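The first chain written gets the first letter, and so on, giving A, B, C and D; residue counts start at 1 in each chain.
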Amino acid sequence: MKNPVTVASGTFGYGEEFDRYFDVSLLGAVTTKSISLKPRAGNKPPRLVETPAGLLNAIGLQNVGIDRFLSQKAPYLRTRNATIIANIYGHSPEEYAELARRLEAEGAADAIEANLSCPNVHDARTAKGAVLVSQSCEAITVYTQAIRDATRLPLYIKLTPNVMNIQEPALAAEAAGADGVCLINTLLGMAINPETRKPRLANIVGGLSGPAIRPVAVKMVWDAARVLRIPIIGTGGISGAASAIEFLLAGATAVSVGSMSFRRPDTALRVVEGIAEYLKRHQIADVNQLIGAMQA
Amino acid sequence: MRYIQDCEIVAHDLVAPKHWRMRLRSEDIARAAQPGQFCMVEVVETLYPFLRRPMCFSEIHDDGFTLLYKVEGEGTQLLSQRVPGQTCSIQGPLGNGFPIAPELERHVIVSGGIGVAAFPALARALAETCGRPPEVILAARTRELLLCADLFRSLGCTVHLATDDGSAGEKAYAARMLERLGPGPGTLVYACGPMIMMSTTAAVAARAGASCLVSLEAQMACGDGACLGCVVESKVEHEGEKMVRVCVDGPVFDAALIDWEAHNTAYDL
Amino acid sequence: MKNPVTVASGTFGYGEEFDRYFDVSLLGAVTTKSISLKPRAGNKPPRLVETPAGLLNAIGLQNVGIDRFLSQKAPYLRTRNATIIANIYGHSPEEYAELARRLEAEGAADAIEANLSCPNVHDARTAKGAVLVSQSCEAITVYTQAIRDATRLPLYIKLTPNVMNIQEPALAAEAAGADGVCLINTLLGMAINPETRKPRLANIVGGLSGPAIRPVAVKMVWDAARVLRIPIIGTGGISGAASAIEFLLAGATAVSVGSMSFRRPDTALRVVEGIAEYLKRHQIADVNQLIGAMQA
Amino acid sequence: MRYIQDCEIVAHDLVAPKHWRMRLRSEDIARAAQPGQFCMVEVVETLYPFLRRPMCFSEIHDDGFTLLYKVEGEGTQLLSQRVPGQTCSIQGPLGNGFPIAPELERHVIVSGGIGVAAFPALARALAETCGRPPEVILAARTRELLLCADLFRSLGCTVHLATDDGSAGEKAYAARMLERLGPGPGTLVYACGPMIMMSTTAAVAARAGASCLVSLEAQMACGDGACLGCVVESKVEHEGEKMVRVCVDGPVFDAALIDWEAHNTAYDL
């Protein structure tokens, strides 16, 4: 990556949506919306509700499916010279493996990010115990190994923050052969409209993102960084260069800008520029010197 | 062309209880904007409210544009406190405007409540390109919420007023008013307002063999097709998707494509 | 309780600090700062940092100790006719039991809330696995039983949100004899100053509160309410009557106003009034009709 | 008495780069306020920034008060955008003001940077009650940041200017200036400014046998003694506590009680 800044899956579409605001090849990479084998229609609306300094979403992984990704979306990003991190979602280890294999075979990705943590594809009313793959270390091991066996592309595992101790799933991913982890996916949350007494999301439960969750994400990155040897992509509430640098200092090797791209489509580019300006101002030669450099 | 610009607030006035008109300066956006398109407005600088608010272009001027909005909740409440001289970040123009079809016989605008916002710009465009200004059905809950009537009249439009409480015009629903105007196969109806008004208007138009375009609302995050938050269910697949995005596939849709029942349930309106 | 509104421990001092803004006896109850056997000096400053729509704190349970609580703080609240929920904190089941016993013996509390979830009293750098009592169901059982055996006062157990599934600790508290649970304590979080590269809290890690966490708290209350038979006090980001009603609809029997009292000292009173106004407007005779009345 | 009031902004002016003076109307708060006390200012209506910002009363008038503040971060930046005619929620007065001791021989104010904010009100009170206006040492980084000099002169104060870059007055530190004024046992020094300036000033006063009061800052949430967020370490226990709260035990403290080393480490200033 030419710089440590990418965008968070699902907040930047397939990259083309933002091309009209800036040259997306200036980012370290474009991380695309989770892709599944078949196209998915996603959840019923309403799918979004704003919360204090944040956003709850229950999109339900609506996506064009791997075929259209390979025939249209990836080729377009290639014409724009973008580095591609392809985020994938499946219903079994085999589906993930298949997705990774096809992406590598078609040269449609420079790295794979496996979303083992989407909160919006289960029925919240009946769920008990571990409902997301990345809430179980055993499941992480099985899924990661399957994908690892299927591809030689750099492999990142995206984890849920809805665990007691993030070090455990992170170490499980590392042990199973991941090249890195992405922290964090959204926090489970919900909101109710007091006037109608109905949940504000058709899916009832959704994932919380945005600046509101930043302190939680920074803490998880810091926790994981103290025990991992593989890199971390830090995500959660980044709104500009200052908050991106917080993640680097906590131990992230790279960062991804998520929901803030909705508020300002050019946020990721501003983060790239802001980090460069910060390095200059502090006379730091290499951005890697910031990684884990918090002075506790 | 799409812009993100800090636009100067040129004027900002309360035009009816809780209803504001804000004029902003931006030649770029004004040049690019079409009637029916919208912009995303940053209501405050700080990140709560986190998202911009979608607002359509109500009037398009040489040097800027006018928004007409109703205070619904926190975001519009904060917006209403801004004063001329301050700036406001605007992203746009976004979405598809109304198609302007001079070849059609008759153009009827059906507006309910704050749904009127997009129509001054449309009425002007129709008046200029179709030779004949559109007819306008202007419905609202009560007299003081019948906005823009004089503006429409100044463009030469015939304006039919209706209020729920009978305080001005007829005490009738907009769809019923449309029925009485006798639309036919050569008529194009443009509707915007509460969901129930749009669906009943669409039904009247359909029965009469008239075309009907509606401008929909939905919760939006990005306004650019990326977040997949603003979808509505369509009766017809669009690029293989049953879910269409209000922001980039709309906000103007052929009423015949919309699954009104699903949409009503979703937005509870 | 004369109404279902109290205040969150640690955000309302000992009640007397707010007496100058309104008559605290108008609240359902005043929940006091966590009290330990010995006075505690708490953590070094800085102890607070603001985050988007929230607040990170690492006070470290500074408190006057049970003796001064019994001799000064509780008697003052009694002169104000306040109902008292005394929040307690100890280092062992025996300490909690001792605190409960003394509070009951002196008539200094109408109910006990046991804080088994304070994130600010451990060294974050070395912590591994379950570090808060309420992250372990076994520990919850032992602690709850010990306090239960020591007092006949209504007993609420306050739980941490930093778990995978809130239903498990909530059920553990219920099974061990708790009369109710309080959800949620703060979420673990941290923040770093990019300019100095230092953590913004002397304690590095703190607890996140405020409107930012509300969607997480509502979800946890809803999850717990579906499996518990005992009442829930809902807490987390309540900023007014509308958000308090969200918690009731999700299944809370009462709510407590926390950090928002810092922004507006009279928030809890406004919530009492706002709920009354809501009931009137919706022609609901009894506030209990709202409990768990979300229409999913 | 403590109030929470929506006060009208009467005037709001940029007085130096990033430094603003805001006059607010409230007879109640003005009547209750003492020099050295502070209020908690709601910078925006929405909840991000979540907390109010502490600001001391810079001047106290019959019908209101004046704040003097520097734009440090997000909160003060947002505050600076408010315009006269709007209101701003104020909670106060809070904390303990400066004791006014007419019996003392000599009163010297030592101010660094925006630390000057509290002193116009104090200088006026001292001038009125002690017969003799206080002497003022006014230090800042550079000439244009020497605020309120004329205000102090109009009260009859002798004003000694100092700047770090020598652009006005002497190129000297405030503590050094105090030393040269030769304080003695009958002198009361009031200091407010950067931590290092206050600690060195306190040391000079101590050596000369003079008393020294400082006005401290700390991160505050409640301003009312409830959150225990704003503590500083004291050398002497206060009601059995080593930790004293800036909001209710201060913000004005006897400099001799403060553990300067701990305080400097904590606030990194």
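Definition applied: a residue touches a chain if its C-beta (ideal position, glycine included) is under 8 Å from a C-beta of that chain, and two chains touch if they have at least 3 such contacts.
Nothing here was measured: the structure is a model prediction, and the numbers come from that model.
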item: Intersection of contact partners for chain A and chain B; value: C, D
item: Target chain D, source chain B, minimum contact steps; value: 1
item: Whole-Å gap separating chain A and chain D, where each centre is the average of the chain's CA atoms; value: 46
item: Centroid distance [mean C-alpha coordinates] between chain D and chain C, Å; value: 35
item: Chain centre separation (chain A, chain C; CA means) in Å; value: 33
item: Chain B, residues touching no fewer than two other chains; value: 47-49
item: Touching two or more other chains - residue numbers and ranges from chain C; value: 51-54, 196, 198, 210-211, 239
item: Graph class of chain-chain contacts, one of line, ring, star, complete, other; value: complete
item: Residues of chain A that touch chain C when the two form their complex; value: 51-54, 56, 125, 128-130, 135, 162-165, 167, 187-192, 194, 196-199, 204-206, 208, 210-216, 218-219, 222, 226, 237, 239, 242, 245-246, 249-250, 278, 293-296
item: Chain D contact footprint on chain A (complex, rising order); value: 52-53, 211
item: Of all residues in chain B, those that touch chain A in their complex; value: 2, 4, 42, 47-52, 91, 218-222, 224-233, 240-243, 262, 266-268
item: Residues of chain B defined as touching chain C within the complex; value: 47-48
item: Touching residues (chain side chain A, partner chain B) in the complex; value: 10-13, 17-18, 20-21, 33, 39, 41-42, 44-55, 57, 59, 62, 64, 68, 196, 198, 202, 210-211, 239, 259, 261-266
